[in-house]
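Shared between the two complexes below is subunit A, which has subunit B as its partner in the first and subunit C in the second.
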Partner chain A sequence: MKGDRIYIFLFLTPAFIITGIFLYYPFIENLLQSFYNTDGFFNSTFIGLDNYIRLWNDEIARTALFNSLELILYVTVFQVGIALILAILVDSITKGAAFYRTTFFFPIVISGAAIGLLFTLIYNYRNGLLNEILVSMGMERVLWLTEQSSLYMVAIPTVWNYVGFYFVILLTAIQKIPNDFYEAAKLEGITGFQKMFRLTIPLIVTDLKTCMVLAITGTLKIFELVYIITRGGPGNSSEVLGTYMYQKAFEDTAMGYGATIAVLIVVLGLTLAFITNKLLKREEVTY
Partner chain B sequence: MEQARERRLTFWERMQERYFSQSKIGKIFIYVVLTIWSMTTIFPLAWVFLNSFKESREIITDTFKLPTDPTLQNYVNAFETVNIGRSYLNSFIISGSVVLLVLFIGGIAAFAMARMQFRLRGFLQTLLVASLLIPSFATIVPVYRMMIGMDLVNTYRALIIPQTAGNLPFAILVISGYMATIPRELEEAAVMDGCGRFRMFTKVFLPISLPSFATVGIFVFLWSYNDLFSSLVLVSHEKVAPIVVLLSNVSSQYGTDYGLMTAAIAMTVIPVLIFYLLAQKTFEKGATSGAVKG
Partner chain C sequence: MKKWNWIVMLTFSLVVLMLAACGNSDAGSASDNENGSNNSGDEQTEQENVNLRVVTTMAGTDPAGAVFQEVLDEFVEEHPHISIENDSQSADAGTIRTKVNTDFSSDNEPDIMFYFNTVDAEGIINEGKVVNLEEAEGIDLSGFNSMLEQQRHQDGNIYAAPQSGFYEALFVNKKLFEENDIELPTTWELYEKAIEEFAKTDIVPLAASTEDSYYVVEHYLLAAGGMENYNAELADKNEAWAEGLDLIKQHADMGAFTPDAATIDLALAQELFKQEQAAMIFEGSWLWGQLEEAGMGEDVLVLPMPIKEGGETGELVGGASQGWFVSSKSYEDESKKDAVVELFNYLTSEDVIVQIAGATGQPPAKGELTDLPDYLKAGHDLVADAPAVALPINDRIYPESFTHIRTSVPAIVSGDKTGAEVIEMAAEMEE
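== the complex of A and B ==
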């Protein structure tokens, strides 16, 4: 349209000024900071790759990295797995489907902080929900948050929190499959579980892939639940990259080093997303 | 669409007749599994709500019973000892501003991206998609330094501005995706009627795209309201701290006051839950379109 130039400029400028200054510039600046030894304000010396060498040799960082990867594995498998099962089941019923949709989805709207506090109460030794159930069944109390168990105890609320999200995505995808496909399958004599594995799942594989990429990148960003439920403890046993980055940058004021950990988080996210995409490469199905 | 739906239902009905009605066990099994999962989501919250009306002592002794002597003391404590009212207000000021800013700035940008032709369009589109991959960890250190430099730390703006920046790419992509589907004829009709680009936006595209604005608004609100990480760094002072920071403080400082903890959880959860029950459709639609954001 004639005279659009001025409007294009007017309409786009505010958005790109804000994202430019407070999103893109900090992102680049963060990369630069990772080459400095800095507390963020007064002392700042260029130290080349020293932060990266420190990261490589940092035992806690390694624990945090492996914990994050372990969490990603559990969370992706269980979140997407449970969501897929629930979606297929809900799709096969007519009565009560709306009720299940509502109850499955709502944990998503609750903040991680509230869920964290909720699970603190559930795991609590003296009168947590779990121990009260045990006691009422005449059993001994159990210490739920130990060095061995803490990572699982963080994985459970993470899975619980987001299953509904993937459930809705997958259910929508399943319901989009046209009836003709099932009719054709019936003519071919494909039924039951065979139908599920040879028809339903292959047809929603793009959506499954999206879910997995989202689960992986989402789990890398996990912070609230760990910070509130375990603070990375006991003894760093449940430290993840997010909480360790926060601790280094803002509690130990090693901002340069914190920035380095953030770079690791980004690189890891991109790599894992890329790998998942490659592994699950398929022709997209359009109806 | 309607027809397809009907056909699908009949198909499933036949399907059910075959596998589930004939074998009742199959059907019962499905309902049992689904009900168990819905119990896991309902039960913990019901437990918290119930206990928030008991004294801390009663929570310890009779955690599963209905409150014998319902009390609002925990809620009174939440307002008096930790000033939850203040945090509520802070949360709504911050998240409300973020939503309004994102919808306004993102809305006009989306309009330009969707309906106008210019050279950099493809590049900007790619840039927006790429920026969905930037986690807040990767910007927080420089943002914190900038906020210190501008003397904004522990003011509302310290959180509002970076959250707005972080949510804009998502908003622009979703809204422009919606606007791109609006038929060209409407645009031409608006031109015939002598609308300029700005009036075309406010009179035609904004009203038609309202559903996408609602979806984006809800999700941006949730992300902002629930964002503990940036809040801890940028607005941790009691005067400006949003409710998630308060929850985090409660867990570390009042970890033994169960009554206060349950009341604090209940108060954080109730507003969003009511909101969700009222606008469930929009929430769920947001989940599927929200899938573009990591």
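== the complex of A and C ==
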């Protein structure tokens, strides 16, 4: 046992050092900066909790927070939901499964920046793909990115970008279910929908839970798609915490306030992950 | 025993890896220098080999980037003992500010840099990270025009030597004006008339991003109150500033901008103008490079922003806000000092300044550009004849305040905020 402890210690030390230097140290440094009015470089004044008070009263931060939560809702429901439907469909076909698997997974390999640019050109008012189609059909151009629609318009590429990731996870989970279960259920006269709701989904609920936690925490980090497609606009209507933090820290060189927003993102991420885990807690399914 | 050897070796390798990864830039530059020295082998040459690092904004889409690299290559050819790392980065996204600040605060400053001599360089200057050029031995500041004096810091010293000046103005596609039989916007009334007339056509009157509204904000503030009010402090909450912002809304309601102006960026706005889908654009003199590339230099005319009241049409936003800095660390390093001074004097010599300025067509800080096409010369004349020229507002006010003003324009246009409310909030931020 004593020997085991040494091995445990030795094998964990490199990971601990790397995590410590590249994750915990920057986070502690970020936490400290949030108590300063600083540009992060040459000017720094200790201001206690002023940044947190400012954050509490900041209307744009509040908008960004609610937009982030709204995006989490869309992303969790549609990314995981669509991925589940696609996985079940692909699992049930006998021919062409490899083609669909590759097709649905493909958006994952495209960088967020490229997808952002792609959708910028799709939504563009004068020369965008959608409006060019409308004009060629003799219809009026539509302003796709308005204060009311911008968040939905950003949610679409976000969902499309990551559906493939959850699709692969869920497809693998479904394919791991032993065929005997389905054969037995077939003898009992189970229908297609019953098979999905009473057999497949309950048996992959652990994987679904993982997908949901990943979707929730991943959406909190969203930045590049929003930044490229709408820049948080129009009028902050699609501002999310990531873009607002970037604007404050790097465009306005208010690094202290940017650090405070970063603390909010971390706390929110941990809280949501904890709540999701608690809500979806149930016994592991083994077969 | 063998197991223990493996464990010790693994731990040792990891420690070495970590130390190498976390080594500071000093170690890097020291080893660079050593490598540089070793290149000459054991034979001691007359002059020690020196590696210099230069950071500028002449990169990316800046047409001066290629010329600057040529200039550096020529210098290296003439000075074989000096090698130069060109670490330039485009100023488009503003990340150059973070890069320069990070370099200076992590003791990894470039030897020479071409950077904004504005509020952006305050921290670097106050920390004594750059040299007072007037007192630096060997530095030649002779032959500059009035742009050199514009670089003087509030403490009375000069820390940056200018390269060229710039102006911001209204770029007008005169071909579209002629085709649509609309008079050029030389007065406020004609400017409003042009917006009104173009709004009736499929041509966007003014290519602009209301979110990235740097130039729009500056010109409307200038138009609303002339140069005297434009030069006011933010803390004064000048009424002309609020009026200027409200005028943007008034013109947006007249159809001045494309309907998606709140979500396009500057590059897309420029595209509208370059594709002749828009008749006017507020831009800086650096746009000429792109217009020439698009083959439309001859069709474009540059005009001063018409002043509505309180000033004189012809007043301009412009100046020389960027300059060549020498880092104190390099200047005080005896092994580098001569090379740094030599490179600085070379880069600020008349020949090189004119050569680089020629790429963008901007007025040089020394000498003058000859054989300029008429459209470029018109811009230079605009500066020469201007009754007053002032630097952009964002070069002198608190960055968060300017961002608030700039990013509030879509809300002003939609009627959610008024100009006065935005200026009030921006002033509060500065406090």
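Brief remarks on what is shown
Criterion: the second predicted complex is superposed on the first by the 263 of 287 C-alpha atoms of A that agree within 3 Å, B and C clash if a C-alpha of one lies under 4 Å from a C-alpha of the other, contacts with A are read in each partner's own complex, and residues count from 1 in each chain.
Just so it is clear, a contact is a pair of C-beta atoms (placed from the backbone, for glycine too) under 8 Å apart; a residue touches a chain by one contact, two chains touch by 3 or more.
Quick caveat, the model's predicted, so the values are computed rather than measured.
Aligning the two structures on subunit A places subunit B and subunit C in a clash. Once the two complexes are overlaid on the shared chain, A:Thr253 sits against subunit C while remaining clear of subunit B. Of the two partner chains, subunit B is the only one that A:Leu86 touches; subunit C does not reach it. Shared-chain residue A:Gly235: touches subunit C; no touch with subunit B.
Within the superposed three-chain model, A:Thr103 lies in touch with subunit B and out of touch with subunit C [touch as defined at top]. Touched residues of subunit A, counted separately for subunit B and subunit C, are more numerous for B.
In the overlay built on the shared chain, the residue A:Glu188 is in contact with neither subunit B nor subunit C. When the two structures are aligned on the shared chain, A:Glu147 is found in touch with subunit C, with no touch to subunit B.
Within the superposed three-chain model, A:Gly116 lies in touch with subunit B and out of touch with subunit C [touch as defined at top]. Comparing the listed stretches 9-17, 99-107, 243-251 or 279-287 of subunit C against subunit B after superposition, the clashing one is 99-107. Counting contacts as defined above, subunit A residues 10, 14, 21, 40-41, 120, 126-127, 250 meet subunit B in one complex and subunit C in the other. Those residues of subunit A lying in contact with subunit C across their complex are 10, 13-14, 17, 21, 39-43, 120, 123-127, 141, 143-145, 147, 150, 229-231, 233-236, 247-248, 250-254. Considering their complex, residues 4, 7-9, 11-13, 15-16, 18-20, 27, 30-31, 33-34, 37-38, 40-42, 44-45, 47-48, 59-60, 63-64, 105-106, 108-109, 111-113, 116-118, 124, 131, 133-146, 148, 161-162, 164-166, 168-169, 172, 191, 197-198, 222, 225-226, 228-229, 232-233, 243-244, 247-248, 250-251, 255, 258, 261-262, 264-265, 268-269, 272-273, 275-277, 280, 283-284, 287-288, 291, 294 of subunit B touch subunit A.
Contact residues of subunit A toward subunit B in the complex are 1, 3-5, 7-8, 10-12, 14-16, 18-19, 21-27, 29-30, 33, 40-41, 82, 85-86, 89-94, 96, 99-114, 116-118, 120-122, 126-127, 129, 132, 136, 160, 163-165, 168-169, 172, 175, 178-179, 182-183, 191-192, 210-211, 213-214, 217-218, 220-221, 223-224, 227-228, 241-242, 245-246, 249-250, 255, 258-259, 261-263, 265-266, 269-270, 273. Across the complex, subunit C meets subunit A through its residues 7, 10-11, 14, 18, 22, 94-95, 97-98, 101-102, 104-105, 122-124, 126-127, 204, 210-212, 258-260, 262-265, 268, 272, 275, 277, 399-400, 403, 407, 410-411, 414, 416.
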